[in-house]
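Each in structure tokens, the structures are laid out below.
Each of the two complexes below includes subunit A, the first together with subunit B, the second together with subunit C.
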Partner chain A sequence: MTDEALQYDAIVIGAGHNGLIAASYLAKAGRKTVLLDSSSYIGGAARTAEISPDYLVSTAAHLFSAFPRKIEKDLKLAKHGLIWAARDMPTVALDLQGRHITLTGKGKQDTSVMAKHEPRDAENWQDFSRRMSKFALFLSKYLGEALPDLGNDVSSYEGPLAALQLEKMGAKDLQSFLRFLPSSMSSVLDRYFEGKLLKGALALDAVIGHHAGPYSPGSAFSYIYKQGLAKLGQGLSYPVGGAGAFAEVLGEAAEALGVRIRVDSHVEQILVEDGKAVGVRLTDGTVFHAPVILSSVAPKATCLELVGARHFETDTVRHLSRIRSSGAAAKINLALEGLPTFENFTDTEYGGRLLIAPSVMAVERSFIAAKRNELPIDPVMEMVIPTYHDPRLAPMGHHVLSIMVPNVPYDVAGGWDERRDEFVKKVIDTIEMYAPDLTAKIIAGEMLTPPEIESKFVLSGGHWHHADMSFDQLLAFRPTPGMANYASSLDGLYFCGAGCHPGGGLTGLPGRLAAEAVLAQRKTR
Partner chain B sequence: MTEIDLFRKGRQVELERTNPLSGPAVEPDPAWFEQSSNEPPFARHVHTTPLHLVTSVESRTNDWTVWNGYTVPNVHTHLAAEYDALHSNAGLSDISPLVKMRISGKEAVAYLDHLLTMPVGRMKQHDTRRAFMCAGNGQLVTEGILFRLDETEFRLITRSKHLDWFLDAGIGFGASVDDISGTLAGLSLSGPRAPLVLAEAGLERSADLARGKACWEEPGRMPTYVSRTGLLGESQFELWIDPEDAPLLWNRLLAAGKHHAIRPVGEAARNVARLEQGVFLEGRDFASAFASSSTLVPATPYDLGLGTFVKLDRATFNGQAALRRLVTSGAGRAPVAFTIAGNEADQLGAIYAGGRKAGRITSHTWSPALHTHIALGLMDIQGLGTSGAYALDVLTFEGVAEKRTAHFAKRPLLAAGMANLTE
Partner chain C sequence: MKRTDAVIIGAGLNGLVAAARLATAGLNVLVLERSARVGGAHASAELAPGFRSPTIALSNVYFPTELAREFSLASRGLRMVRREGGISLFEDGTYFAGYADEQVMRREIARHSRRDADAWPRFVKDMRFQATHVKALLLETPFDPSQRSVMGVRHMIGRARDVFEKSPQTLYDITRFWSLSLNDLLGQYFESKAVISHIAGSALVGHAIGPDEPTGAALLVPRWFEGDEGGMPWRQTPVGGMQALIDMMSDVARDKGVEIRCDAEVTDIKLVKMKAKSLLLADGEEIEAGFILSDLDAKRSFLNLFEWSSLPKGFVADISHVRMEGAVARANFALKEMPHFTHLPDGIPALSGGLMIGSDVLNMARAHEDWLDHCPPSRPMIEISIPTLEDPSLAPDGGHIFSIAIQFVPHELHDGVWSPARRKALMETIKQMITRHAPNFGECILAEKLRVPADMEDEMGYTRGDLSLGHMSLDQMYFNRPVPGSSAYQSPVKNFFLCSASTHPAGLALGASGANAAAEILRTQRSKRR
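Showing the complex of A and B:
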């Protein structure tokens, strides 16, 4: 029943930002591409919606820390209406006494801030940021490009390891780097700093979006990995109109390049013939054919649910079914009738990324609670006031507050229905310790629990990154050893979502690199 | 019942018997096999098979060996006598330690096609087939025999246990996989007079079985599945039976075989016989892909000359991608058999071809039937065919290696027709 009209060069499943970007790059290279999404809008977790009438907010993902300029230029996003409302947003570690630490990422400025706040740490700050920056720069070389597929064979690791050119780092930095890899963030921080608040903020940065605490081994690596990704981006940014507007821009750019975007098209099955992926079937029975299929759905679900385990060897099925994706988060969005009053806040602070993480232990405790399927007693969180930069999202003078709470259990003890209000109250009470007039200003609010994030954005386990971004699930091991480099072991099936290298976040890199891998591996249509 | 109790009972039984070949068959008391509920975990130092009691009755040497964790006789009475029984008369052995899997369900065929290197294809009911399964790197996980019991039910007998692998391989298939090792005992009857013994024991249909076929029988109303399978060649039969009936069948066969000089045969004699057949054995000549061994290395089907059991061009199966690569690259090893002059039984090591190390001897023995030392080994394909004679490393007790000349031999080293050589 091959309908000529439904025959494409490539099918991309999932119109999240990675799917949109992958489809755009393919179309740009002249491939006839269709992009299918099960929901009725595009963007996936990059979405802007109303909390209540007139109050708009980025429902899920709310900040861009590593969106590369290259993609912006390649796809001519500015032409299609991408405007950044804020660039290089500072990070503010909130202090109960109003002695907040505001870090801009600019070395000298930060050192002077530190000198004022915690003179003992100022000296070490320079050393710390220099070293982190060096490691991040080293890593970032490998994050903006496809990595060699190491396969399952240990004997083949030597070449790629040599290609890393670790020795170029210099003996002292290399030693420190190797020590760093398995370390916990807390032990690294203890080596450098004394100030509780600074350590708390850096610890939160290391573990946000992971199922880990700052005492977990490998959490230090998560920190530099994130810094490495940031090196590829343009600083902490926020687009006009929020994440959803950004997705709309991507959609327009994609359509301008010739991508056919089809929403409300739920792919039920990836069709396999003679060991090759040949098309997809939608729930309504429509069949699309293409020799290349890119899935931005999590690799585990793509292979085991959409394709079926029988089309993969058992080693691969084992690898896939053991992908961990347990780092859930919750999102709370509030509509406010005015700016909440934080002590000692200036313009810079209101426009920044606000962190509530008073100490390393506070961050660890929230992870311990999550491990036990409990709610944190004192939640740690990341907040943004998007309306501060983009007033059009709310009526004049009014604001929205976007709150991301990491390390929230997917299966909370007692069930989310029972404990939802308790959790919201905890979060708001915590913020009120810093901004006492918050409750008085709340007009409306919404909360997305991990199971809601899962069902709303088709993210298994409610995991924003599709799979934990721990050392064993990153780089050439992402999504699994033997399937890195975007091609699955099934001929014609590729991955292009956050589940593959370099991982989650609003970076667009998995999408771009997957499309490039497809174009390189399949020179002809 | 504790181990000591079992042992005492065994002693009583032994006293009642005079000669295993002429004495009256002992009907075992079912109480011997009852499991005591108050037995502490790990109390059994010896993991026994359902046939342990009857084999221990026959043991005159107290020479045991461990196979898949079970204690089985290595030598019952005398190695030479048992070897002769296999070649000239009939030998009865306990093969219960083999792993038995039941694979059933609507998609059992699809599951097996995914698991094994060769699809089920046109296998009919009561057909059997050698079965090989590979890991993702193309190395053998284990090998065994596949039986088709009916349209949707199969039995897979394997040398080593890999239940987790079998279960993971079943993800996404409408098939159920059960380890039924504990519910099935195995007996092997081998030797030129094996068919006669079977006929005499009331298993007439089995006696006429073609090689590779199986059938149900009911000697003494004990349901028994008999197959003409096994690694010892043409005249081997394997009998699969409920553990409770197994000792009864054992005794029935011994009694029926009395006139054919049947003998219980231990693992030592069976190993010599399989070396003469030139059969490479997992755990002796190569390791499972999942095993860890200091002396053995894993092997692919091609390394063992089993390419005919691999069918590449079909739907995805385990090892497909790696085996394809192996076929293209042509790299690998080849199975070789040697005869070695002299009758000194030393430990054999590397194989040298034209002065260069080209492989390893994996197992070797003295073959009384061939009056020579025989050895199996794996050689690099490049090392093959450079010359007719090879040098073998001989590791002496002083640790000094010396070389010995070896000559290629065709497998099987002992042809089926030569079975009566020693008579």
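Showing the complex of A and C:
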């Protein structure tokens, strides 16, 4: 191939969903774009694979909590085959006595079960959800757009405007917003609710995917942040064919827009000339040239490994190397010969997002265990039965159960090889307390430890969000101060992955916003 | 019925400062104290003949010089003792000592890590930067962003503009400082576990927050209000202990015409149309007052002195959800002589700042997790203050006092109360921890006394034994203290004010809550006259 053939307007590194979306938006604007991925398939952590022959499951990420309608429309994903198998799925907090609390995805919340647990909770639910919804709405204004880069292009109006927005909340709500910001989720929950189960479920919602427990200050903000992201997207949903099929759709949409996708292309080096990123070199020696390079690899790895620290200022390097990414999760996928029997389950519950989080302390204890590099004694978890909405993932009448266990240590004491079976047994035993016939129905299963998730999906530290979503690593500080507007300090190099604003999750927002930033900053090619 | 301009419930330091300020402004002030003596937690008690030990108060306290000046305490004999930065003694016999002098401090750090010694000046600069800003806010009423007024909005916009005009680096530093855990923040300056543990440990003493918990780094602030010699700032305590300061403040108050009445327990406050009108004492006496100030914690003030039904419903819920939960027990030992610490050089000056054992970060995190779980600490973090080192007058010749803060000790255990057996076990743990490093400790003991948080509640009236009168975590500080909407010392009840450490600036500065509350009352009065 001649050099000219490898000359592009833009190179995107990493074909996860953010990379795919960034590339698509660039191609849509007429930029000649190539998308490179080191593995042999696209989608990154959005992947569907077999547990055993004929049983398919979303290997890692298994639920969409906030995928924006706008991206779906812009990239014509429906035309390329995106079908949602389930939308606005409810969240079900499993109860040992069968009094499960179902939080509706959409519409008015039925509080009768809450009232059975604690009458006061049903009364307080309205107040709690109204307030959270208001805070989420306020925050969502800043999550769906690129944030001004502090110091560089903040007009003198930005700050006062944000202050006025806050003032508009009204005195009472503003007071509780300012109180909630540094609060722990547990103290917020104590203020509203009594019921252990309801509190446990909301506590898990606040910290899932984060390296924090519900007693950690700041965990209330995580909850609001997630609700804010959810405001920008559609409700909890699940695509036909799982996360991998969704990635295929994105791939087709990208190709239809003219993106050239190259898998098995491991970028080894981002090439720099005269202080500008000018191209990339693959491990096989192939070189691609482009004036613009977007990386959906974690920013720390992008700058320090792919580019090299010498191309950045000391302060930037210090900021980058400080990025903390310590949360980790494990994934267990089971092939079942029938639906496990949960007491008092109806269609709604089987089709929901199932949470095992019996109390706030149970969630906290699992976090404490993870911090100590121990396995939780009573794991908390999030489960879905995708086959309930999408029967083609398994043979007729058979099912798959997809289990995400948060707060699992990356390095477990004694090593994962030793303790893997113990962990799986613990998780299955825990589920069996709610569905006693689970083991009898298991045909096959797989388990991914945090280190396996890391190597399989190239996520540093096994962290799904590339960097902890804590105050100092969010908003205008994500990935680092001074690089929040998707542009790195190296001319021509941009970030477009979960490591930049507004962070992780299957939202596609970092990808879309990064592409928009590139297009706005580089009007000409 | 007796009538007076202002009544203050509780003769703690804050109550006395408020009383003195109000009296200076010409008000008739009456202070009512439930117990037989003034001073609350700061009062000393005789542990053994000739041994005067502080009962429970914490050692790391800052008394604003502005207040000392306002009440001319120097002329009454207030002298401060300067104590060095303390020592952390680790399991393996190594230790880390803090010194006020920059060169000495850096040399000590270099013993553990050369790189950290180089990082020290940067750390000091950053801490002083944050501390200066906080210090400026100590002696004023918090700004409440939710207050609906043109002034309020303008103030808020001004603050927002200030924020955005800062450089990204400054803003990032501020955010990290106020949101990171102690462990994370210190880890960005230092690599040595010993250095990190000592700094984190001394910041955590007295607080119910673990070293890994986000926002904990903010606890570093109070240490840096004073001292600019480049090392670990001096700790200052009054000669004669806190009791001396208390005595001086009560003299000041009395000289200004304040009546201080002990053994006077207030049981009720009578309201007329949401206005505090009079107080009922336990002996049946009723006293009418223009203003009532409470130096008790927020829960005791509102939930015990008022009929709940007379307060707004949401307010009662807010107050009852203030996190107020003791985490510190105190063990006092009277010793016939100084025990010999095997691993410490003889006469090491840093010892005057206290000795911490079990303060390595991992151990503190575990002790804190035990506390969350309501378990007794299997290996607590202890901080031994030895007030007799700088002030031998507190004990007979050669004798010493060990006043030990034990963390983290829950108010209630998951399986019941602190039974005598449990207390004994905790004392044994403490003694073993000390004996490990000072084998003759046991032989030196003349007398000992343990107080767990439940005792502090029973003896001194601290709700749940919380000496900080509400956790000093960010969600309960500044305009969130004690609850949002009531941070200006006032409350939904007219003429009833809070002047205890349940209000801003909490334990950051002694007497400041009292001073600010009094200032707020005088302001109200002026605006009424106008």
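Just so it is clear, the second predicted complex is superposed on the first by the 498 of 525 C-alpha atoms of A that agree within 3 Å, B and C clash if a C-alpha of one lies under 4 Å from a C-alpha of the other, contacts with A are read in each partner's own complex, and residues count from 1 in each chain.
Everything below uses one rule, namely that a residue touches a chain if its C-beta (ideal position, glycine included) is under 8 Å from a C-beta of that chain, and two chains touch if they have at least 3 such contacts.
Just so it is clear, the model here is predicted, and its values are computed rather than measured.
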Inset, instruction - Based on the superposed arrangement, let me know which partner A:275 touches: subunit B (first), subunit C (second), both, or neither? - result: first
Legend entry - Partner chain in contact with A:178 - subunit B first, subunit C second, else both or neither: second
Legend entry - Touched partner set for A:368, first subunit B, second subunit C, both or neither: second
Legend entry - Partner chain(s) touched by A:482 [first = subunit B, second = subunit C, both, neither]: both
Inset, instruction - Once the structures are superposed on A, label A:313 by its partner contacts, choosing first (subunit B), second (subunit C), both or neither. - result: first
Inset, instruction - Using the superposition described at the top, determine whether subunit B or subunit C touches more residues of subunit A. - result: C
Inset, instruction - Check whether A:260 is in contact with subunit B, with subunit C, with both or with neither, and answer first, second, both or neither. - result: neither
Inset, instruction - Look at A:134 in the shared chain and tell me whether it touches subunit B only, subunit C only, both, or neither; answer first, second, both or neither. - result: neither
Inset, instruction - For subunit A, give the residues common to its interface with subunit B and its interface with subunit C. - result: 152, 315, 482
Legend entry - Complex interface listing, subunit A residues touching subunit B: 152-153, 275, 304, 308-318, 321, 482, 489-490
Inset, instruction - Under the touch definition given earlier, write down the residues of subunit B that touch subunit A in their complex. - result: 110, 114-115, 135-137, 165, 168-169, 171-173, 315-321
Legend entry - Contacting residues of subunit C [partner subunit A, same complex]: 145-148, 153, 156-157, 159-165, 167-169, 171-172, 175-176, 178-180, 184, 188, 209, 212-216, 317-318, 321, 323, 365-366, 369, 372-373, 473-475, 479-480, 484-485
Legend entry - Contact set on subunit A toward subunit C in their complex: 149-152, 154, 156, 158-160, 162-164, 166-167, 171-172, 174-176, 178-184, 187, 190-191, 212, 215-218, 315, 319, 322, 324, 361, 364-365, 368, 371-372, 470-472, 476-477, 481-482
